[in-house]
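Naming follows writing order (A, B, C and D), and every chain is counted from residue 1.
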Amino acid sequence: MRIGVLTGGGDSPGINACLRAIVRRAHEAGAEVIGFQDGWKGLVEDLTMPLGLKEVSGILPQGGTILGTSRTNPFNKVKKNGETIWEPTDKVRKVLDTCARHRIDCLIAIGGDDTLGVAAHLIPHGLRAVGIPQTIDNDLWGTDYSIGFPTALSIVTEALDRLHTTSHAHHRAMIVEVMGRDAGWIAVLGGMAGGADVILIPERPFSVKDVVARLKKRLELGKRFSIIVVAEGARPVELGGKQVTQQEVDAFGHVQLGGIGYWLAARLREHKDELELTPRVTVLAYLQRGGIATAFDRLLATRLGVRAVELALEGNSGVMVGMQGERVVPVPLEEVAANSPRLVPDELIELAEIFY
Amino acid sequence: MRIGVLTGGGDSPGINACLRAIVRRAHEAGAEVIGFQDGWKGLVEDLTMPLGLKEVSGILPQGGTILGTSRTNPFNKVKKNGETIWEPTDKVRKVLDTCARHRIDCLIAIGGDDTLGVAAHLIPHGLRAVGIPQTIDNDLWGTDYSIGFPTALSIVTEALDRLHTTSHAHHRAMIVEVMGRDAGWIAVLGGMAGGADVILIPERPFSVKDVVARLKKRLELGKRFSIIVVAEGARPVELGGKQVTQQEVDAFGHVQLGGIGYWLAARLREHKDELELTPRVTVLAYLQRGGIATAFDRLLATRLGVRAVELALEGNSGVMVGMQGERVVPVPLEEVAANSPRLVPDELIELAEIFY
Amino acid sequence: MRIGVLTGGGDSPGINACLRAIVRRAHEAGAEVIGFQDGWKGLVEDLTMPLGLKEVSGILPQGGTILGTSRTNPFNKVKKNGETIWEPTDKVRKVLDTCARHRIDCLIAIGGDDTLGVAAHLIPHGLRAVGIPQTIDNDLWGTDYSIGFPTALSIVTEALDRLHTTSHAHHRAMIVEVMGRDAGWIAVLGGMAGGADVILIPERPFSVKDVVARLKKRLELGKRFSIIVVAEGARPVELGGKQVTQQEVDAFGHVQLGGIGYWLAARLREHKDELELTPRVTVLAYLQRGGIATAFDRLLATRLGVRAVELALEGNSGVMVGMQGERVVPVPLEEVAANSPRLVPDELIELAEIFY
Amino acid sequence: MRIGVLTGGGDSPGINACLRAIVRRAHEAGAEVIGFQDGWKGLVEDLTMPLGLKEVSGILPQGGTILGTSRTNPFNKVKKNGETIWEPTDKVRKVLDTCARHRIDCLIAIGGDDTLGVAAHLIPHGLRAVGIPQTIDNDLWGTDYSIGFPTALSIVTEALDRLHTTSHAHHRAMIVEVMGRDAGWIAVLGGMAGGADVILIPERPFSVKDVVARLKKRLELGKRFSIIVVAEGARPVELGGKQVTQQEVDAFGHVQLGGIGYWLAARLREHKDELELTPRVTVLAYLQRGGIATAFDRLLATRLGVRAVELALEGNSGVMVGMQGERVVPVPLEEVAANSPRLVPDELIELAEIFY
């Protein structure tokens, strides 16, 4: 049995723990593991590295991925009638050739919707693959948690803790822009864990008017500071309930490179006197992808990695391993692709609102 | 509606987050919350403190419990024919009187098997109560996770990370004694997340001979250090497969105050030449109970606290809120008492063994 | 003996540790301590709070300041012929009256150049005061370290550690904007501790051309990522070697609310093809002021606080306590005002350059 | 120019940062660096590894030492009339031969009194060497700080923070045993930063009676918990003011493997009723040597490493680089050896006592 492994898309802590688990479990079963470098690019260009016990020794806590990653996609994604069509390019053949050349019985792909989507679309072309969910956005369907999310959550929570201590001393609205383009998992769970006063997410378009009203209500209660967590994909109704794109933002004469956080700060500044506080922006950006993986992330990654190998050993293909409650279950890759992004459910959003 | 709250047994990070959630949810529903101090002692002696929005402001991340705790039990636990009988004392009446005096509609008890056991045994006497699981040992039946465990897990993992860096430089066996009297949750999950080489838990009596054999095997593979995680309740077959009690240990002429970690170190020292390494002991002890609650612990505590209030508002009694997968469900307190301690399942133990 | 205390300007971790030290040392000497709230505003408006053993219990590690802070200044700062004149307003009288009303023998002012500058300018009006340096910018003359800087340094270092793990996986230039309006202490020491590849500070105007050249050189060495630390006050020669103000930046059609980090990203983006990497911006902003004080910050704050009380008890006034090597020494407030901001010395800048 | 490097004795975070600095500075000057493995053993047995830019890439934050370490000493230390004589063995010749074989112009030795002592004693035999202070005990004469101490300090402080949160909930005396065989630096500074209530160090023999009296006084003030930090080398007057050795401790029928922490717990337990609290022991042990180096440790290590190379390049030998205030200065190795261990000065001990 020969297993190939690749890591694609944005990286995050926990991937290395997953690679270690894959190698250890495969080794136990006498299977060989070949690492492909830089995501799907490694399969297109045949970039490999050995992946044995020695390579994965000591990488358990480390962020990043020893395999490297890229956003290479052997398909062209074309929008047609509102639908996205994956048109194969000549790279598809190269991927399959590389697999054949290395006699790969099963390819384990670690990544988010794009990386796993490639795997799903290569299955009909003859690829045998198992997916492992990894995205700090946590928006893959079929799994409660994706690798990287637990650590991102903990980083956001720690950042909010820090802002709490300093915000008490001043009249301020601290705006914290976090990741989450299509779904607000980091914002909702991080905001709830970090005691945010307002949470703005893609699932629910917000109005600046409502934010101002909330801040004023807090002011009346004697709270002279507020922490606002805003997901990068949050959509102001003032912009038609759409995400802030650079073009739209430019039209307002504002930031070209910053995101929704700066846009919101500019809006709140217009209400400065009324609110008696100054908005301040912190953009966590890539900090959310970095550092030491938390214990939960390592356990998640370890369990998913071990189970992916077992599924491969049992001859499975076309499935992603998903963490559902305390069980690791196989989920058809097609279903994952069809139902992602997974949005934050209403009950969780309402839970967070108790603490506004 | 008037809700009473108490926190009993050993404390842990997350309790304060839970108290905050209870108060915020109750406030939203217009219910009043009264805090009883120092666990069941507060109900026996009528020690109360107000528990309003002000009291819970800013406590979300903090370890400990603002209510204080104790191990007071209004019952005498008597062993009869191998069974434990809870004989009521005159304190039972005092608890009920205190509840009546404060017109408590429902009492929320936060704690482990002892604290929740008292609630379960008071129900037949007329108490109305809802339980919330809190024990870093994580061994309560009916919930995947108990408040305090996520933080303890993260502390143990961090400790193992630290030992890894220094153990590489020397020929050493690092023995880390962690909590877990009846079940090895912290040891198994913490050990797995921290990359332990040997994990010893109450569920599976161990022999020193096997530990020595494993260390020797690692030595043959060129690994000149090893990290051994041992739960305080681990049971050596050399002592008849029972836990190390002070008496038994004294008989061996060893530690009077230290625990199994020191006992094991003494045994390994006898094989020093053979193993070519020196054992070193770290006892994490109360460090595992302290500090800032992790994001997961806060979310767990928040969800359990909110749901406990909702169950109380709906007129429920005699149940514990349990986290099962992503759902919070009511579990009869009797069942919790009857089935605890919840042991680490075989499949998880075997998962950990892949990484030995 | 009655000692007044105030904390002014931007807050930072370590202030509370300092307040605790002041109260404990004063208590030992039988002196009384009165806290003034919200910086100099508390003296203008007579806002006091008790500051006894109970108030400072448990605040040692906490960020923020239990006294609150503000930027109120009883003087008008007027620029005349390039010099800044401090013109007294009627608030000066109010401050002196408040001190008299509370029979303050000595006022301890904790803060940066503005807060301590007020103290210095009030001395000729009859105020008796001792200053304690507190600014995360670390640019006060007369002390090696100011309260808040050690923690800010550690936060920046940790952020760079996180970016390192993720930057390895992609072709990226990570731009991290840190505090430091007049001096680059956080950027130089944080950058050195965190392994930055380029450090841009107010002391040395930089050119985008040089930054691009450095990144290209790294690319030639096979380094496909780079971390650039830029102090908020760094001055591009492209803008005449001046700091990026909003007006100037607007003239370039760029960010209105973001700072130099975004400006630089826009510039580097113009060289995207040449550099083969995408710039990404992280703005640490108020994160640098928050959270738990580091051990060094607490020790610094404790030593400065104790010594300030001792100087007050000995009848001193008009001095700031400065940490010079391992000694705490009194420095005339006038000298501090005259020589601040203290810039990063050349030898330290050159030390950092070894690691570019 | 060819520079050899070795790391000896107990390892600690910061060493790798120092190795990186040495290599980077040497590279800049065109000098070559050869790494000797496992301390002086590597010079006796000629164990080398290349030490170039590639080897030190990415090791800045990492604990441990990539060179490995040992306690090998080419001298026999013999006690004669209370003095310690270093008698050369045939290993001395081997060390010199190895240096000659590799044409080492200067050997940089990183370590504590033993490692640097070897260097000092080899100088008269013809070795050319520069020392760098590294010991978490921080007791080397000639430097304010040694590599490893800043990180150990931060770990101890964090541990005390954790115990504070949990100790509030119970009636407990938390005993924390920290490193410090001859001097109490970690105990005094860590205890002060972490808010310890009692600190016991080698410099000042303590009596159990005094500790009990202090705890009782706290009890009278309503403090129902206390944190006692005890250095491993603290000496109870009850044992004649000497350190607790295993023999002496055995004579008391107590711990064979545990240290002074357990001994003290046993003594306090005898006063249990009087003190109304239960003693609990945490032994930090090797945790103090592990993990990520703090920012201060990295800066210290970087500055010392760079300066050591510069001294070597300038043709110096027989000196250690010491951090004195903000300056790095050369100190004759002989003086270091003659005046170490450096004890905690009285004024610092008395400063700590203000907070008892």
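Keep this in mind: a residue touches a chain if its C-beta (ideal position, glycine included) is under 8 Å from a C-beta of that chain, and two chains touch if they have at least 3 such contacts.
Just so it is clear, the structure is predicted and the values come from calculations on it, not from any experiment.
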Smallest count of steps, each to a touching chain, taking chain B to chain C: 2
Co-neighbours of chain B and chain A - touch as defined: none
Centre-to-centre distance between chain D and chain C (centres being mean Cα positions), rounded to whole Å: 32
Euclidean distance of C-alpha centroids - chain A vs chain D, Å: 42
Distance between chain centroids, defined by C-alpha means - chain B, chain D (Å): 35
Set of chain B residues in contact with two or more other chains: 161, 164, 292
Category of the chain touch graph - line, ring, star, complete, other: ring
Chain C to chain A touching residues, read off their complex: 10-13, 62-65, 68-70, 155, 158-159, 161-170, 172, 174, 253-258, 262, 265-266, 280-287, 289-291
Complex contacts: residues of chain D adjacent to chain C: 21, 24-25, 28, 58, 60-61, 144, 150, 153-154, 156-157, 161, 164, 189-190, 192-195, 292, 294-296, 298-299, 302-303, 306, 324-326, 351, 354-355
